[in-house]
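The first chain written gets the first letter, and so on, giving A, B and C; residue counts start at 1 in each chain.
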Amino acid sequence: MFTTAYDLFWQYRDVYLRGLANALTAAALGLVLSLCVGVLAGIVRFSSRGIAGRIIGIYVSVVRNTPMLVQVYFIYFGLPALGITLSAFATGVVALTFNSGAYIAEITRGGLAAIPQGQTEAAMALGLNQRVLLARVLVPQAAPTVLPAITGQFVQLIKDTSLLYTIAVLEITKAADDVGNETYQFLEAYLVSCVIYVVICAVLNLLVDQYERRAGFSRHRRV
Amino acid sequence: MTFFEARNVNLYFGSFHVLRDVSFEFGKGDVLVVCGPSGSGKSTLIRSINRLAGPLASGSMSIQGCDLKSLPRRDLYRRIGMVFQRFNLFQHLTVLENIALPQRRVLGRSRREAADRARALLDRVGLVDKAETYPVRLSGGQQQRVAICRTLAMEPELLLFDEPTSALDPEMVGEVLQVMRGLASGGMTMIVVTHEMGFARELGTEILFMEQGQVVERAPPVDFFASPREARTRAFLDQILHH
Amino acid sequence: MIFSLVYDAAALILSGMPIVIVLIVSAFFPALALGVVGGLMGSSNSRVLRFIAAIYVYIFRSVPFLMFIFLIYYGLPYYNIDIGPVSTAIIALSLSHGAYMTEIIRGGLLGFDKGQNEAAIALGFTLTQRLRDIVLPPTLMATIPSLLGQAILMVKDTSLVSVVGISELTRLGREVVIRTNEPFVVFTIVAAAYFVLCFGLELVARRLEARVRRIMSRQ
């Protein structure tokens, strides 16, 4: 079984590698975009008492309490209904952004909320306005707790790309499906993908650990 | 036959020589007090008796002629009990359950018998009204007294005390020493690691002074306090009695 | 007109609710059992056991659930085991979430007061007795909120079991959308159904957490 799997991989390596490339690209794009969306949303949620904060709260709650697949379908079927037609890949990236953005928003909010109230009080007593308070006092102090969680999010995104299988994006899981459909050796085909995921995650974890060592913090250790 | 004997006991933590050639013995009903500065190995010594530390690198210990190393687990723990510095009561059980559960599980006593014995012991230490309380609600002194009941319920031949009052606020030390005094006068065989020299002087049959893993001096309290032989002993006594 | 659409759609979609609940309930307890075993292995003194537990956790955290359910679906027939989609789904959910629960329980066990464990040893408790009476009860109580959080994740993963042919909420929703072409309405219904399940579990978790905190601190 394992030798068959290896042969299969070798024979169809371009399919698998294309799937891997797509998955990594989608995840990377998703991370960048969701960082923009999420960090902003998190800051707004943290500092707003009004409707903006409330809406973001609902957004986060919905994403956290519904399966990602439902979100993918919602976007996949919903965008065309609004007249927006995107490729499956682009739709996938939107879905990843939508999902990951909520988690990053929550992570950011949590990081900001964990800063002792005294910091805010001191800043206000010194007359610093809200924007300066956020930018110079709070966000820099939230960074050490937030950044490690965000790197964890990237690994999660790679796994989430597997869901794009359902909207026919050629990523790692779909690659296995295609190879399986062609050779009827489904188990071996999926085994290859399985190994790819484990290897990718291992590599990513190693890279992230290296990066964290340089940066001086760790997501394994509580700051 | 001596009740308990230790011969040339050596123990290492990794490459660190914690116990160096320790030897002593005592008889039934004796109270052996072990004292010394921190790091002297006194805690390790008694913990090695009931296998919470160890195993020994060389040497042997025996109780009533039975080598401790060859004693089956069940017998070892049935015959030797321990009272800890931090009491170690089971936080999720009531005081009564703390004392009753080990009896049921380890000794196989019935629920009723275990509870009755538990209440009797609690009564002896004046805590029977706390039977249904949870440990976290009790003071340190109360918890330690419950801990003593818990181990007494198992009816051990030998009781080990690992600095039983060191974690207590001063005003509670007395109530625990009182219980220990009762046990000693009642004929319980005890090894007590402690800094409480008053207790040592009053109830100890023999005092073992340890430093850096070695037994520096052994003597009955009268001699130990009045005329210590070793300079190190004198230095220690000065420190502990006159700071 | 729109009301009857909503009504019919909801009725069809919610017919998938029972199977979701069956899956959750059937998979939660095996997952918990795996978590306890794995957690105990992961915090044991044996390097071998710790290693095995670590590998188990690592693999299931690196492989997406969708991938894993396919693996089981195609893998079992290979060994001539034929058990049908529902059992496959339950196995996949149990194994996968068992790994996460392993980490949760391992964390709880590592934080357990060593002193109480020593006292239990000194009183003569055997290993099984120590685990059953002294170590596991407080540890499980303390980890219940996290374990129920894992149950919520399990609810969300049930949406993926449609790939092995189970008609659960999401798949039914997708079918209704394809038929009626009303994605917003339909998926809102689907999302609401999940929301109710997840939020319900979260409320249970909060209540249990409050009760646990009261127990730990009659105190």
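Basically, a contact is a pair of C-beta atoms (placed from the backbone, for glycine too) under 8 Å apart; a residue touches a chain by one contact, two chains touch by 3 or more.
On a predicted model such as this, the values are computed, not experimentally measured, just so you know.
**Q** By that same contact rule, can you tell me which chains touch chain B and chain C alike?
**A** Chains touching both chain B and chain C: none.
**Q** Of all chains present, which has the mean Cα position farthest from that of chain B?
**A** A
**Q** By Cα centroids, which chain is closest to the centre of the whole protein?
**A** Smallest offset from the overall C-alpha mean is found for C.
**Q** Averaged over CA atoms, how far is the centre of chain B from the centre of chain C? Could you give it in whole Å?
**A** Chain centres of chain B and chain C, defined by C-alpha means, are spaced 46 Å apart.
**Q** If you average the Cα atoms of chain A and of chain C to get two centres, how far apart are those centres in Å?
**A** 21
**Q** Per the centroid of Cα atoms for each chain, what is the distance between chain A and chain B, given in Å?
**A** Inter-chain centre distance comes to 57 Å.
**Q** For chain C, which residues are in contact with chain A within the complex?
**A** Listed in rising order, the residues are 58-59, 61-68, 70-71, 74-75, 78, 152, 155-160, 163, 170, 173-174, 177, 181, 183-184, 187, 190-191, 194-195, 198-199, 202.
**Q** Would you tell me which residues of chain A are touching chain C in their complex?
**A** Going through chain A, the ones touching chain C are 1, 62, 64-70, 73-74, 77-78, 81, 159-163, 165-166, 172-173, 176-177, 180, 186-187, 190-191, 193-194, 197-198, 200-202.
**Q** Which bits of chain C are touching chain B when the two form their complex?
**A** Within the complex, chain C contacts chain B at residues 113, 115-116, 118-125, 129, 133-134, 137-138, 141, 215-219.
**Q** State the interface residues of chain B toward chain C in the complex, per the touch definition above.
**A** Chain B residues touching chain C: 50-52, 73-74, 77-78, 81-82, 84, 86, 88-92, 101-102, 105-106, 134, 136-137, 147, 150-151, 154.
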